[in-house]
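The two complexes that follow have chain A in common; it is paired with chain B in the first and with chain C in the second.
For the complex of A and B:
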């Protein structure tokens, strides 16, 4: 369901609660825990990524999140060498390239709700022409059947030696 | 995923479809061509420059600069007409950001 806004409205609209849905939801289930939240942004323009990194780091610091590291993976350039002319003239080509710059922000030890809020804020303010990939590393409790080692509990098996 | 497309005055930002391991470049091109033709046909003679199309997470934002040739009521009608029709075509919210200028835009005096 999408909502049509009227002509000339400001883009960053105020988030309203629709009907009687509360903005804050409380549940008894334990919150998911994330060991690492990795946000990779890609774009064509390095200056845009610089300013977005500043914004994301500032937002994380204001929210009190622990930042593991912020680094810049090497850029990738895709080059195409095409024929310059429509017909014939094989020796004359034209070259195009598409550059992708990256920036990675890694946060550690987040809860699920914190991660959701942070990611929503970050993604709502993602600039045009920039793509984002998010990887979350979840911490789960070890299942019960493998919590204790079994090499004391199994019955002793008699070893049979084959004499050939 | 948010995207931006062509801007006039020689400054080009392409949609995220052209980034490494991103999809959808061809669809964006087709959409953009259609939207430009549609806008050119709706606002005949009053577009001061090429429209700027931006996409932010499913919302399509069209930034237009118009000349002040028509009465404002006609411009309002055309603007809401384009908004509703384009949002019905592409099934996404389409916002129009209009600006009017008295004369032709000048980028540089030589």
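For the complex of A and C:
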């Protein structure tokens, strides 16, 4: 069952239902299943990523999600050496570097609704200057048209010889 | 108009001032409204008490920072210092500290606030089905795996062209394939099949939208499946070089073995033993297994020694080493 979720602006207060309308709506579509959800965050500041990891892990535990592992891929430093002056002076250069730190959080066995809720909460609270990549592994049934081969059951049609 | 008083303003005085009516106009007022006196005097000490001094100890912090906001030194009651210190000085304090304002803070995401948020969000979550607790059950009922990647970043555009790539993975043992169909599918697919884990991987990114790429991936899987069940006329021209693995029946190795055994039997003057019985005998089975192992897996110590043993048994050379 797929649950529709929409975050209001006043998340910090307790949810109030307006009138008699319930906030949770249930539809008949079957929920998607995710075998693994891999959240990779990238940023320039390691302390910010530390805090964000603490927040994401706490949120996952509070919502009852199973965390597979949390690890820190090695950082990448992009360095460039440029000319210091606008015109001539080739011997005098200036060097810059851009450091990208990573943090990866892997969750396993989520349903579609839970994944949407968690990801929206995480992404709304993403700090400035931090990017995120979410890799979802969805598991599905085999499509119906692949269950059985059809060539044996088709009525006999005269085969036309393909001359090419 | 508040009368101008020198000295400290007390609440009582303010009250009197508010209630009183100014009888005489001040000089600036008489000049018109061009220079309006400040409604509040510039150095009003009553307004200067920071919120940190008025905070009770048992307050709810999520009322102070309900949403993401920049660092306000008069609101955060912590004696934080940040920045590079000058010579023989401590790092700069929090008042007027740009470094503290620049860095993103998590003051709105304290553990208490996060727990409150999650308690409210719990209603929208669904449980993982308890029937799918083991890997085998999941693979049996849901054999197809679909990988998609979402990208979140700030920039001129929220779109990322890498987001349209879709990867489909399925184990061939879960598909309804017979021997010929499996071999044909593996030949059709080429590098996308990995023999160690029996997984076929199809990566599609030729369409502009993710939904279209997913549909195309499913279409490719369907086409491969149905094409591999078909037998074309030219497939009967398959040569030995096209074979994926070595099959011992109808090879010259089999003929040689049979010839040799018949000649041995003729030399020992035993009556003609039928070929099927010779084929089914254990010696020939041993020899066949060792030859198939050698051809399929290559030459290893084990395979060579097995071949040696089987040849010795075949030719009755047990005495030799």
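Throughout what follows, the second predicted complex is superposed on the first by the 121 of 164 C-alpha atoms of A that agree within 3 Å, B and C clash if a C-alpha of one lies under 4 Å from a C-alpha of the other, contacts with A are read in each partner's own complex, and residues count from 1 in each chain.
One rule holds in what follows: a contact is a pair of C-beta atoms (placed from the backbone, for glycine too) under 8 Å apart; a residue touches a chain by one contact, two chains touch by 3 or more.
This one's a predicted model, so the numbers in the text were calculated from it and none came from an experiment.
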Contacts of A:62 with chain B and chain C, given as first, second, both or neither: second
Touched partner set for A:24, first chain B, second chain C, both or neither: second
Which superposed partner A:45 touches (first chain B, second chain C, both, neither): both
Partner chain in contact with A:88 - chain B first, chain C second, else both or neither: neither
First, second, both or neither for A:148, with chain B first and chain C second: second
Per-residue touch tally on chain A - higher for chain B or for chain C: C
Partner chain in contact with A:100 - chain B first, chain C second, else both or neither: first
Partner chain(s) touched by A:129 [first = chain B, second = chain C, both, neither]: both
On chain A, positions contacted by chain B and by chain C: 3, 5, 11, 45, 123, 126-132
Chain B to chain A touching residues, read off their complex: 1-4, 13-16, 18-20, 22, 54-59, 61, 76, 79-80, 83-84, 87, 91-93, 95-98
Touching residues on chain A, where the partner in the complex is chain C: 1, 3, 5, 11-15, 23-24, 31, 33, 35, 45, 47-48, 51-52, 55, 58-59, 62-64, 109-114, 117-118, 121, 123, 125-143, 145-151
Contact footprint of chain A on chain C as seen in their complex: 62, 66-68, 103-104, 106, 108-109, 111, 113-129, 132, 138, 141-154, 170, 174-176, 181, 218, 221-222, 225-226, 229-230
Contact footprint of chain B on chain A as seen in their complex: 2-5, 7-9, 11, 42-45, 76, 78, 98, 100, 123-124, 126-132
